[in-house]
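A short write-up of the structure that comes next.
Labels run A, B, C, D, E, F and G following the written order; every chain starts at residue 1.
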Amino acid sequence: MPAQFLLNLFIAFLWMVLQDEDELKITTFFSGFLVGIGIIFLMHRFFGTQFYLRRLISIIKLFFIFISELAASSVLISKQILSPKLKIKPGIFTYKTKLRGDWEITTLAMLLTLTPGSVVMEVNPEGDMFYIHAMDLEKSKADVLRSIGKFEKAIMEVTR
Amino acid sequence: METLIIILIGILTAVATYLILSRNIIRVILGTAVFSHAVHLLILTMGGLKKGSVPLLKEADAPYTDALPQALILTAIVISFAVTAFILVLAYRAYQDLGSDDLHALRGTNDE
Amino acid sequence: MNTSQIIELGAALLILLGSIMSVISAFGIIRLPDVYTRSHAATKSSTLAVLLSLSGAFVYFWVHEGFISVRLLLGIVFVFLTAPVAGHLITRAAYRSKVKLTDNSSDDALKEVLFPEDK
Amino acid sequence: MNNIIVLPLILPIMVGVLLVFLRPYIRLQRIISLLTMIGVACISVYILNRIQTEGIMRLDFGGWKPPFGILFVADSFSALLVLTASVVTAICLIYAFSSIGERHERMFFYPFILFLVAGVNGSFLTGDLFNLFVCFEVMLLASYVLVTLGGEKAQLRESIKYVVINILSSWFFLVALAYLYGTVGTLNMAHISERVAEAGQGPLLTTVSILFLIVFSLKAGLLLFFWLPGSYSAPPTVIAALFGALLTKVGIYALFRTFTLIFYHEPSITHNLIGIMAGITLIVGCMGAVAYKDVRQIASYNVVIAVGFMLIGLAVGTQTSLEGSIYYIIHDMIAKAMLFLLVGTMIVLTGVTKFDQMSGLIRNYPLFSWMFFVVTCSLAGIPPLSGFVGKVLVGQGAIENGSYVLVALAFISSVVVLYSLLRIFLNSIFGETIISPEDELPLKKGLLIPIVLLGIGTISLGLEAEVLSSYVSDAANTLFNPSIYIDAVLSGNK
Amino acid sequence: MFSVNFAIIFPFIIAALVPFLYRRIKFVHIGWFVMLVPITLFILLARLIPSVASGKTFFHTYNWIPSLDINFTTYLDGLSMIFGLLITGVGSLVILYSIFYLSTKESLQHFYSYLLLFMGAMLGVVFSDNLMVLYVFWELTSVSSFLLIAFWNHRKASRQGAQKAMLITVSGGVAMLVGFIMLHTMTGTFSVREIVLSIRDFTDHTLFLPTMILVLLGAFTKSAQFPFHIWLPDAMEAPTPVSAYLHSATMVKAGIYLVARFTPVFGGDQVWFWSVSVIGMMTMFWGSFNAVRQPDLKALLAYSTISQLGLIMSLLGLGSIALNIGYSADSIIYTQATFAALFHLINHSTFKGALFMVVGIVDHELGTRDIRRLGGLFTLMPFTFTIAVIGGLSMAGLPPFNGFLSKEMFFAATVQISNADVFSLQTFGVIFPIVAWIASIFTFVYCLIFIIKTFLGPAQPEKLDKPIHEAPVGMLISPLILCAFVVGIFFFPDLLGKYILQPSMASVYPTFGDPKELTPSIYAWHGFNAELMMTIGVIVIGALLYNQLKKWKPVYGLFSQKYTFNMLYNSMLSSTEKGSTIVTKGYMTGFLRDYLVYIFVFFIVTVGGFLFYSGAFSIDISTDASIRVYEAILVGVMAVAAVAMLFAKSRITATLLNGVLGYSIAIFFVIFRAPDLALTQLVVESVTTALFLLCFYFLPEWKRETSSSKTKLTNAIVSIGVGVVVMLVAFSVLNYEKFETISRYFENAYELAGGANIVNAILGDFRGFDTMLEVVVLFIAGLGIFTMIKLRAKKEDADIEN
Amino acid sequence: MVEKILLTALALFAFSIAIALYRIIKGPSMPDRTVALDMIGVNLISSIAVISIVLKTKAFLEAILILGILAFISTIAISKYVERGVIVEHKSDN
Amino acid sequence: MRINDVILRTVTKIVVFIILTFGVYLFLSGHNTPGGGFIGGLVLASAFVLLYLSSDIESVQKSLPLDFKMVAAFGVLLATSTGFGSLLLGVPFLSQTFAYFDLPIFGKTELTTVTIFEAGVALAVVGVVVTIILSISEDE
């Protein structure tokens, strides 16, 4: 994978030189780098390894999953708040995660917490059990569990 | 605006005065904190409010708002921070050794 | 109305949306029954609100002054990074300092782990 | 280049910080701090003499011309006070060597003392009103630390009051500065003076000046001295001595400076108010001085009395009375340091605090006891000790001005001072010896020498008053004619 | 040429050397060396008598503080010569006497140091021309007297006596000092001679009368005049040589000297005449009246001294009338009073000195001074008895002793004054001879008591600890010499008159031409005139009263002990002390809250009061910047948060509310275009909140304020007052538009200081000095906090001193 | 138009702050107040962003980030205080 | 159940670096935009505060073995000695100079003695704030 990166740099440099400008500009270099990314993405199979920016893509993917979840559940919460009568039954439930390691756990916990309807209250000392507070246990537990599944998958794509 | 802020300063001052007259040391310290809020606003107001743009030369055009009071307040903020830190620690050290946070109990035994 | 003005208007509307979200979540912390549910409102809806308004500002400065504010971007990232941690810590602290859940809470999986003696 | 006039402030600060790095080397700390204070004293002598030949010295920090930058202005008044403060501190340091103990010394005692002096000297020298506030804070913070240093119960108890009241007075100071800036729009004292004169002071500026009066009165212990007796009797002897000698003087200096340089247009209001306050201060100070048996309390109320006395000179406001006050301030710095060292040492030697519990110290510690007698006479203004000249001149000025009530109070107060100290002398120093030779604590030379040095100071200052007279009269002249100061600051940029 | 300045300094130098000499010289009484000082000075002075008698004066100046017109100027004239001779002459005799009186076990080095100190100071008083220097020495006499009275300071009575003497004489001295300063204010000089020359121009000055009274206060306290006489009996705690020297012959006469010296200044004034003569008369009467009832010989002599001082004082008062009338043939007659005063001054020193020494001998040899234990000593103590008789009869005013002469002149003066036709003396003048006569009767009585009860009658050896025996020769020499003078002056008074008194009359009446005219010839016999009749009356009635003493002594019981001046003095001191304690502890409550209330109230009253009183208050909201909705809401938030702090039930709520305030202020800093401030405020507020939380760990949760509702109401009123005053002044300041601020200058920050951020340029450059010190402040606080936490009081240390 | 929208938004943010203040005063529990304080911080961030637009200045953008940082730190501190009383520990349990 | 601070610690690891970078930025840019020694120092200090909050004194001290008192003292010394330099040069105390340089990487750069002064300020602020917090926290 370092080879891919070096190549990308080379492409960017080349791009810059090819522009034949009066002075060396960072912006030119940057655009060359973007061009290089495109080229290498197309050609990465020739290296026999994965595309070196795959993680970036996964991150972006994770981000979008998250944004959509956030928006959806925000609407939900707003409705609940603004409904003339509060009809919620909050509660705490547990979830045992497949994820391991500080970074994975933290990321999942944060995503869970950010999506409305759930807050991670505790992580057990072993780091594999979440205690989650749900805004409306009966209705949103299913939602939350679905989201968790999506998040876990997306996270593992990034980290593993 | 100036009138409003000055009234606010008056309220803050009155509150601070009431707090500083308390028996509890923490209330007294909070009183000093509110006092400094009030005076920082006062310095700014006395220097004239909203009379110009942000005092950054490259950022905006003249006329600029009076920068000198701002510099003075900055100094005052830092000093009052130092003093607050000191008196807080003093308060708890006094509590540790004298066993009270009530200034009535910290009256002191003048002789006779 | 040229394009940049339209975009500016869009940015302003984004901000307005953010402020409305903010008020809603503010209502949330009044209406909702306990600290745990309130923290839902606070950590999420207001995160979204700040996200919206900062994005609006970012767009505005980009369009209006051609200025890409790294600070605003950083601010957005920062809010994202910290808001959930804050929510997590507050609710944990609340529970550990024995702040009660609202009466109509249905389930409490933590109670047996943290305060088995209260059962 | 007048850079030399910043040294009385910057030298103690830098050395103080350096000493933090030298924390384990106590002997080295002692030597360096003493040398610093001696150095500052020498520098101020040099400054004082240069002022006589070249006029007021001024240093524009960063080269920014007044009124835009901050500046130090050294006139004879400031330089005299800086000199006295440095000398007294140097002597007190010697006392500290044998009294304060390693625990304190290891806990940055010397840096704090140096910072205190730096703040005091800075307050004397600065020509900028906001900078005066900052210098006050340097001094105050150092004093907060020193008053609690050691953490005795009484210290903690009294220091809370001391700190809170000083925070309040700093707050008033800022409020006053805000008002002043809102009216005259400047911070340089000479420039303020010019603008106030241009506006003819007027009711609003007079109102603001009263606020300044409150601020500095709190510092000086003029009428609003409630913090003083407690906080001066709680800390270790040497710290109390430095407080007694230096702290109130800074407030007094500020009162003199502001009400001669800036707010001198409405003396019928401001100076009369000062006079009333000084009069009441004298009365209640006198009452306090005879109300207690605790020797430190007595000493503290003597500080209050002296404050009232010195301020009479300002209230009267003639050149003679100003001159008298200046003499008296210098005298009081030396004599009060001496008094506090003496009473503190008495307490250490006897283990009790009230004069009726002590007796016959003169048999055990004759020289020490005579020093007490000297300071008693000196503070009572008995000639030819140092208090005399100031007393006469203040009286003379007040009589010339027709302020007879103040004259009466001032002179009666010196009898009360005599009485209050004579009570200690007769009961503790004289009388049956109750300390048997085997119980007698040795009086270390290190404790006696500084006291004797101060004693020599007060005697020689009285006998050799002429040495000071040209400086003092120049100082009074500058105070009496504000244009001298203003011209030196605002015209002829060097 | 011998300088008088040297005469003054010389004793001081020796006084300083005595302690060192004392350590070196063990084999012989140090007094012998000390005695050389007054002897030398006496001889030096005596050599000048002829020149002074011929009208010459000596004047010498050493600069001391020339810029303040305070110089060490001495002036030797007739008046000062009398005193100089007395001081050195009696001084020599007293030291001689003391050599035998004080054993070498006493701390002689102190004794003689003090004595020399006194001698120098006393010489300084009488020779100084500069009033300030005179005052210096005046106070030094008080100080040295204090030290001598407290010589046996382990005795409580000694200490109390010393304190009383010092307080009264120093107070008088202070009053006199003020008088001197006033004189300077009037005349522009501190020189007595110059004042005498120029005083005529100032007699109408408003300060003239106060000055006179203040100077008299100094004189009266020093000379133990009624009602300030109370210190003198207590001063008898001093060793007897001291009593003989200071408290009869010299120091107490400093007041007399002062009055004599200032007679040419104030003497023409009616007030001067009345106060000096009446106070003198009262003192004379009161002293003699009280002397009679004293069982202690020394106390008897003390009251007798008071009485005699009164006599001299009144004579000076009577004599001053001549100055009012002016120099004329008629007025010469009144100067005789002054002449008598000076004459009696010398006589008194001789016989009273001798009498004190007698008492000293009795006390020293027999161990008591109580006449109830004494009697019949004359057989075993013949020399002492002789001295006592000579001195006592002289005091009683009998021939052939000098007291007779001056007493007669005194009577003559009182009779003359009653015939004067100024100051309504025709009506009131008769009081003088009457009082003089009555007082003289009592004087006669106590003289008899002194002689008879001590030396005659039955001896009471059983009441004495020691056998009755004559004193050693050494102790008798001095009183015998004095007795020689007592007798000698009676026989050769004109010698004294010509050489000593005549030049001093010139000092008192400088405008009266040739002093020879003022110097009468003194005769023992001048026919049967009024004064002789009076003297005979005194003897007859006095003898009768003595005889019937037991019958009328209960009269003294009428003067209750409660209402004596001594009691008044004591109760004044103790009630001052008590009152002060009550008042001081009344307001110095130790409660921080009270102190703060005082300060706030003072602020409200002075600043707020003056704001309205002067009409400085003004308000104008028309120039205000506009208010936006969000600004208004934020102001509301701050106001509510602040007020809510008052009602917060827990400290952390209040802390959070304070945080809200801090953050809101930051947003106002944003609104008011202060980015640096906003940043700083935000960080500082957060760190402060964190500090609060850190410290809360060590502090308990706060309790409800349990103050009374009255306290709370006061607090509320004060708080609102402070808020309102701050606000109103702020409005007025805002409306004050006279000056442009200086900060336009900083807008060139980029050119001047290379910074585009003006605030930062101010902080880092224009006002970098503030910033530097601010860092120091922060550093001190940090270091101080570290120290406060790490350096704790040792548990075992007592809570007295570090 | 844009300005009016922005000022409205500002008023709404300020209104949210006022509501949060009510929660701080009312409580009842400390975590409630913490939540509200956090909320005030977040609204202040938004407000500063909007004010920057209104004043047409970038001078306050630093303040936004700082406020984010500080709100976070304050929340941690208060939570720890509520939870343990100690906010800085000597030595961690684990 | 023991508290598991994993989330806090993990996030802090990132956040602290953001804050530190930002602090340095604020300190350096203060001459032209908001910031400067004080604010920079305060922000840096808050980074340390965050470290102590999320972890504990002992472990922070292990990876950051600084005596913050000395840091503060050094800062004060630095700030005052820029003033002292002017004494040696014979210009008024605390005279600051500035100049523009063309530096290889940074381009046209302004270098001022104020920067040294402000560095001293920043160090002092960091040192003092951390000293205060540590002193209190270490108290028993």
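Here is the rule we go by: a residue touches a chain if its C-beta (ideal position, glycine included) is under 8 Å from a C-beta of that chain, and two chains touch if they have at least 3 such contacts.
Just so we're clear, the structure is a prediction, and the values are computed from it rather than from any experiment.
Colleague: In how few steps can one go from chain A to chain G if every step must land on a touching chain?
Modeller: 1
Colleague: Applying the touch definition from the top, give me the chains sitting in contact with each of chain E and chain F.
Modeller: The shared contacts of chain E and chain F, listed by label, come to B, G.
Colleague: Compare the CA centroid of chain C with every other chain's and tell me the farthest one.
Modeller: E
Colleague: Just how far, in Å, is the C-alpha centre of chain E from the one of chain C?
Modeller: 80
Colleague: Distance between chain A and chain E based on Cα centroids, please, to the nearest Å.
Modeller: 92
Colleague: How many angstrom between the C-alpha centroids of chain F and chain D?
Modeller: Inter-chain centre distance comes to 47 Å.
Colleague: Hey, what residues on chain B touch two or more of the other chains?
Modeller: Only 20, 25, 28, 42, 45-47, 53-54, 56-59, 68, 74-75, 78-79, 82-83, 85-86, 89-91, 93, 97, 103, 106, 108, 110, 112 qualify.
Colleague: Residues of chain C that touch two or more other chains: which are they?
Modeller: 25, 27, 39, 43, 47, 74, 78, 81-83, 85, 88-89, 91-92, 96, 113-114
Colleague: Chain E: which residues touch two or more other chains?
Modeller: In chain E, the residues touching two or more other chains are 581, 585, 588, 590, 592, 596, 671, 673, 675-676, 678-680, 683-684, 686-687, 690-691, 694-696, 698, 726, 730, 733-734, 741-743, 746, 756-757, 759, 763, 765, 767-771, 774, 776-785, 788-790, 792-793.
Colleague: By the document's touch rule, what are all the touching chain pairs in this structure?
Modeller: A-C, A-G, B-D, B-E, B-F, B-G, C-F, C-G, D-E, D-G, E-F, E-G, F-G
Colleague: Spell out the residues on chain F that touch chain C in their complex, using ranges where they run on.
Modeller: Residues of chain F touching chain C: 1-2, 5-6, 8-10, 12-13, 15-16, 19-20, 22-23, 29-32, 34-36, 38-39, 42-43, 45-46, 49-50, 52-53, 58, 61-62, 64-65, 68-69, 71-72, 75-76, 78-80, 82-83.
Colleague: So in the complex, which bits of chain F are touching chain G?
Modeller: Interface residues on the chain F side: 58-60, 62-63, 65-66, 69-70, 72-73, 76-77, 80, 83, 86-94.
Colleague: Please give the residue numbers of chain F that touch chain E in the complex, ascending.
Modeller: 7, 10-11, 13-15, 17-18, 21, 24-25, 27, 30, 33-34, 37, 40-41, 44, 47-48, 51, 55, 57, 59-60, 62-63, 66-67, 70, 73-74, 77-78, 81, 85-88
Colleague: Show me the residue ranges of chain E that touch chain D in the complex, using the header's touch definition.
Modeller: For chain E paired with chain D, touching residues are 63-68, 70, 132, 135-136, 139-140, 143, 150, 153-154, 156, 159-160, 162-163, 166-167, 170-171, 174-175, 177-178, 181-182, 184-185, 207, 210, 576-577, 579-581, 583-585, 587-588, 590, 592, 594-596, 598-599, 602-603, 606-607, 610-611, 614-616, 618, 726, 729-730, 732-734, 736, 738-743, 745-746, 765-770, 773-774, 776-777, 779-781, 783-784, 787-788, 790-793, 797-802.
Colleague: Can you list the residues on chain A that touch chain C in the complex?
Modeller: 70-71, 73-74, 77-78, 81-82, 86, 88-94, 109-122, 124, 131, 133, 135, 137-138
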